[in-house]
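Below, chain A partners chain B and then partners chain C, in two separate complexes.
So, the complex of A and B:
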């Protein structure tokens, strides 16, 4: 419980820092006032009009007051509308979040589904042909930037073979499962392959160490089957690095999703952030950054909790 | 198979393709020529003869009989980051493509190089061009059932008068009111003779939105993204940076248009991605000013294309010519930069030789174009060094300038070329500032720059450049102004004012040529190239040439549809 409480306090501190910095970021933007005025597209000829618009975004208030308004708007979901198109920021972010979360979840699942069996095989036949080939290939995928992968896979699967669309659309899974698969396959693959390579190498390394442990030797001596030894005894204690990497890579996925969403024209949160920055949609960008940060922090918080569940020693050690 | 309207290949340079063309140049870009059709316009607007550069033939209309039905998906180079209310739109090329589905303009550039009535029944001036009567076409309704009449015209144009961007274009408009004797007519009174006023009704200012919807949008901002006009397609759905969808307006006043049942626009900012989307079959048509894409589709046998080169934009380097303390304020420094520039090299490296080198603001089909404007087309480093040395002799100390470009990689390549040339010419330091697109435009509006890569100045009549160059729109640094370079030149002002007031084509030609020479002499800008735009499409889609749009008077629309990189969506049809 103490361990949980500590993690919760850390989470609150991180959330405070993120929201405070983001709330003040607006004032640090060059020509912020003029950009806001220009972004409205409206004729602003009097000082009064100008002040009214700027007052609305609290740009000239003290930092603490700005933060107060920001948090109030944040928790009451009063996120306003975009300058361009006057779209609700809340629905815009919700639309984008659905896409980004799908991509993150699919990519993590595919990466884990690829990495775990490959790592088990490679570790079991450590030094063998499969181990060497899989290690080399995974090294290649880790070195390959995802924009290169997106371009290559895009050209092959969309332009040349016309199997998948070049522009992915946000088709719901229950709305049209096959179309959903077609539209999310390539973006998921681009995110998942480098991730799978990283996971595979980490897990393989940990498994090799675990397989040299005394309790594995004992298990072998007792005549347990290979699959029983691998899945029942070796895998669980080897999962720590993988779990850490999976949690930390949520951040990488957020970053990676910017590239992938742009490459496949998916209007997820990553792309919205980039486009928002270029089109001076400050409020959209602020909220998006906070949402992404919260997702990241929350997943890492969960990972910390899972550590404790996987190994009670962690709870004891970390709560000291 | 190539389209019959595939135009020409011109060597040239694409310099600094900054996609910044505000909609108020609306009437700007377009095709030229006269060539075609009967000009039976029922009620012509502008005085009988105005601008008219040398007539040439424009790409012909398709000869096959259009078939109704089908859906067109177009890849756009950008979304429009503004509300869809005409007065608030920051309207570049992509914006006009969408706007033309839902809105109609009061006038459209005709193939005789004159604005012709379209949604307006007539646009007629008084004797001294200080009053214009704009009469609404009878029987037309907005998509929401609101009647199109004089009050609708007044409401729309009045909103532009107080708009941030388009308001500058209407500074000479004193008032606009409904004629008490004729509710279908709006009377626009100008502060001084304005013979070319109808050109401003062919673009953004000419788009007519439903007054009912505009009023509702004032009260509820979210409605501003659901436009209501009289156009060929009714708004169906819009998600910023994702899509804009329209469905056929079955009651369109200008039947038999439109032919398509549905139209969809998808913003794809990366030109090469847009190309891939067309090749993959995700979209049916794209527009592009990218030299690589244009070159590829010229050679393609799987797609058809049409190139729009006339009256288009010029890519150039914009200079802030009146900035206090800046060496750019000295003509010798500006001209040294012009002499040191080697556009031909940039053309080969960056643009695949698609564009034509520019020697002034006006492309070969625009009024005012000169074979030899006096602007240096070939690099002369010795001359540049001589001018810089002369300046330095009088102005001791280091000569440093700041060159701004966007975050686009291609523009950075060009900026690095420029830095090399100008430092070789004798400048002590040229720093390159990369600025994101949104801030880039604002920086230009504020005048917070010395040297800027830019693209602008398409159009048919010189008057369409008035607000970019006249001192009345050259405000102090820090104020938003459309005369980005803050040019304050009495001679230029006088020429622009005279051109605005007259109709004599010969004199207008002389004035535009004088303006061209003046720019060359003063080196107010560093000209780069005349921009070519391509519309590439699947072969089953037809009707992209502007000649396919027959105006109510029987005349064809002008090539280029009035704005570079665009076409009229109402004329597109899909062959079985």
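So, the complex of A and C:
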């Protein structure tokens, strides 16, 4: 119980500091006031207009008051409107989140579907031709930066063969399934391939360890079929580090697919934030970063708790 | 690169490590070849990066050429040589007009829209990319390593405080944090694109690299701090500083060095990602990322502009990763983060 208590305390501290830092980050930006005024794009101001705008973002209040307003707005979902346009921050983030979530789910699915069978094949004939080829190829994919992959795939699929559109549009799945596939195929592939390579290597080394254990020998001695041994006996105990990596990547992918979203012109959460930073949409950036950070923190917290439940040794260890 | 920026050194290959000793020599030789190839490539790259200004493939000014058509530099634009494919690429033509006796294909990597030679720009780019990567990882190791050593050795409350701070840094999406730092603190005025120097980029990458390094060093330190030789040193009256410097640090070093090498690859890629988003060193100084980004706009007419620097970047990252893999097998480093 002490383990969970400690984790909970740490969670509270991290959440507090993250929100606090983000709420005050506005004041740390050089020329924040001018940038905000400029981003509203309404030209000349009287002093009163100026003050009204700046009062709205509470920039001139003391730190604690700023933080109070920030938390209040955050919890009540009163996220205001973007400085430049008239879209509300909430709907803007929601639009971006849909695209990013879609990409994340697709990429994870494709990566896992690729990685698990490949890892099983490679680990079963450890040291064989397939193992060496797949390990080498996956090593290559791990070293492949995603903007390089995006460029190469873009050249092949959109310029040379013209199969997929160069700039993806956000077409809903139910409106036009085929178009949806066409528009999301390349971004998904760019995200999924390096991910699959990482997953494959993790699962392979765990599987090799598992396949050397006694219960596999027993299963083999019982005369079970190879596929039964692999899927029924070997896979489950080897999934631990794979699932850890997948869980950590959920958080990272939601906000972290900035490059892929930029490469394929998808207005996901990551790209929105980057554009927001450039166009001084501080409110949008603040809220997005806080939401992403909180998602990450909670996923990690849940992962820690699940480990604690699954493996009593973790609870006893001194490590936090 | 997985965009997480969380290095997974050698992807936990301890199973493969134990098997390697029994592998037939044929496979081990193949690993050796890969290792030496990557060393050769990196030495070549460092050499050209350091000597970029003095090496013969870069002509500094067009004045030394009698024929304007031969002029290939990385500084003087030459409209006669705009967007030429590399000389070996007989399958692709330039879409630009070929005037007079200007060659249709030119250079090892071709030329870009300004007529700059892409090969020499890649080598000047190596200078920036490698410098940024190396500087960031050095500072990252210095700060992160110190924090990790303190956290792992002192333990208790200090450990908790440092660990919590690292968790806070990790909870921000890595690339967004870097973009934020570079985007807002990199430029002094309203002009975003003007005069962005190398400093803020290194700062951003250092901040990204500190938490993983600190975690790794902390985990390793904790293991060694409990060992008998530390106890022995302490009972001989050694001070804490001495124990850390003379007993623990040499043991933690291999893991740190291996991690630094893999980390450098990741940071080079991260710099490329920043450049790709238009946030790296400003225009006249090329980095690989900004070259790829610039070339991507021209993918339909001049593929070599993006692909050639991308190949150089990929080979470099691959070579660094391979070396990191070899080192981690040598030192038998297991996944120590967790």
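We adopt the following convention: the second predicted complex is superposed on the first by the 275 of 320 C-alpha atoms of A that agree within 3 Å, B and C clash if a C-alpha of one lies under 4 Å from a C-alpha of the other, contacts with A are read in each partner's own complex, and residues count from 1 in each chain.
Assume a residue touches a chain if its C-beta (ideal position, glycine included) is under 8 Å from a C-beta of that chain, and two chains touch if they have at least 3 such contacts.
From a predicted model like this one, the values you see are computed outputs, not experimental measurements.
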*asked:* Quick one: is A:296 in contact with chain B, with chain C, with both, or with neither? Answer first, second, both or neither.
replied: second
*asked:* By the touch definition at the top of the document, which applies to A:277: first (chain B), second (chain C), both, or neither?
replied: both
*Which partner, chain B or chain C, touches more chain A residues*: C
*Which of chain B and chain C A:213 touches, first, second, both or neither*: neither
_First (chain B), second (chain C), both or neither touched by A:265_ = first
*Taking the superposition as given, does A:201 touch the first partner, chain B, the second, chain C, both, or neither?*
second
_Let me test your reading of the model: by the given contact rule, A:159 touches which partner, first (chain B), second (chain C), both or neither?_
both
*asked:* On the A-aligned overlay, A:98 touches which partner chain: chain B = first, chain C = second, or both, or neither?
replied: neither
*Residues of chain A at both interfaces, chain B in one complex, chain C in the other*: 30-31, 34-35, 38, 154-155, 159, 262-263, 277-278
_Contact footprint of chain A on chain C as seen in their complex_ = 1-4, 6, 8, 11-16, 19, 23, 27, 155, 159-160, 163-164, 167-168, 170-176, 179-180, 183-185, 188-190, 192, 219, 222, 265, 269, 272-273, 276-277, 289, 292-293, 295-296, 299-300, 303, 306-307, 310, 313-314, 317-318, 321-322, 325, 335, 338
_If we count contacts the way the header does, which residues on chain A are in touch with chain C in the complex?_
10, 13-14, 17-18, 21, 25, 29-31, 34-35, 38, 126-127, 132, 139-140, 142-148, 151-152, 154-155, 159, 194-195, 198, 201-202, 205-206, 208-209, 241, 245, 248-249, 251-253, 255-260, 262-263, 270, 273-274, 277-278, 285, 289, 292-293, 296-297, 300, 318-320
*Which residues of chain A touch chain B in the complex?*
30-31, 34-35, 37-45, 81-88, 92, 95, 154-155, 158-159, 162, 165-167, 170, 262-263, 265, 267, 271-272, 275, 277-281
*For chain B, which residues count as touching chain A in their complex?*
79-84, 87-90, 162-165, 167, 221-225, 238-242, 266, 268, 270, 273, 276-277, 279-283, 436-439, 441-443, 445-446, 448, 480
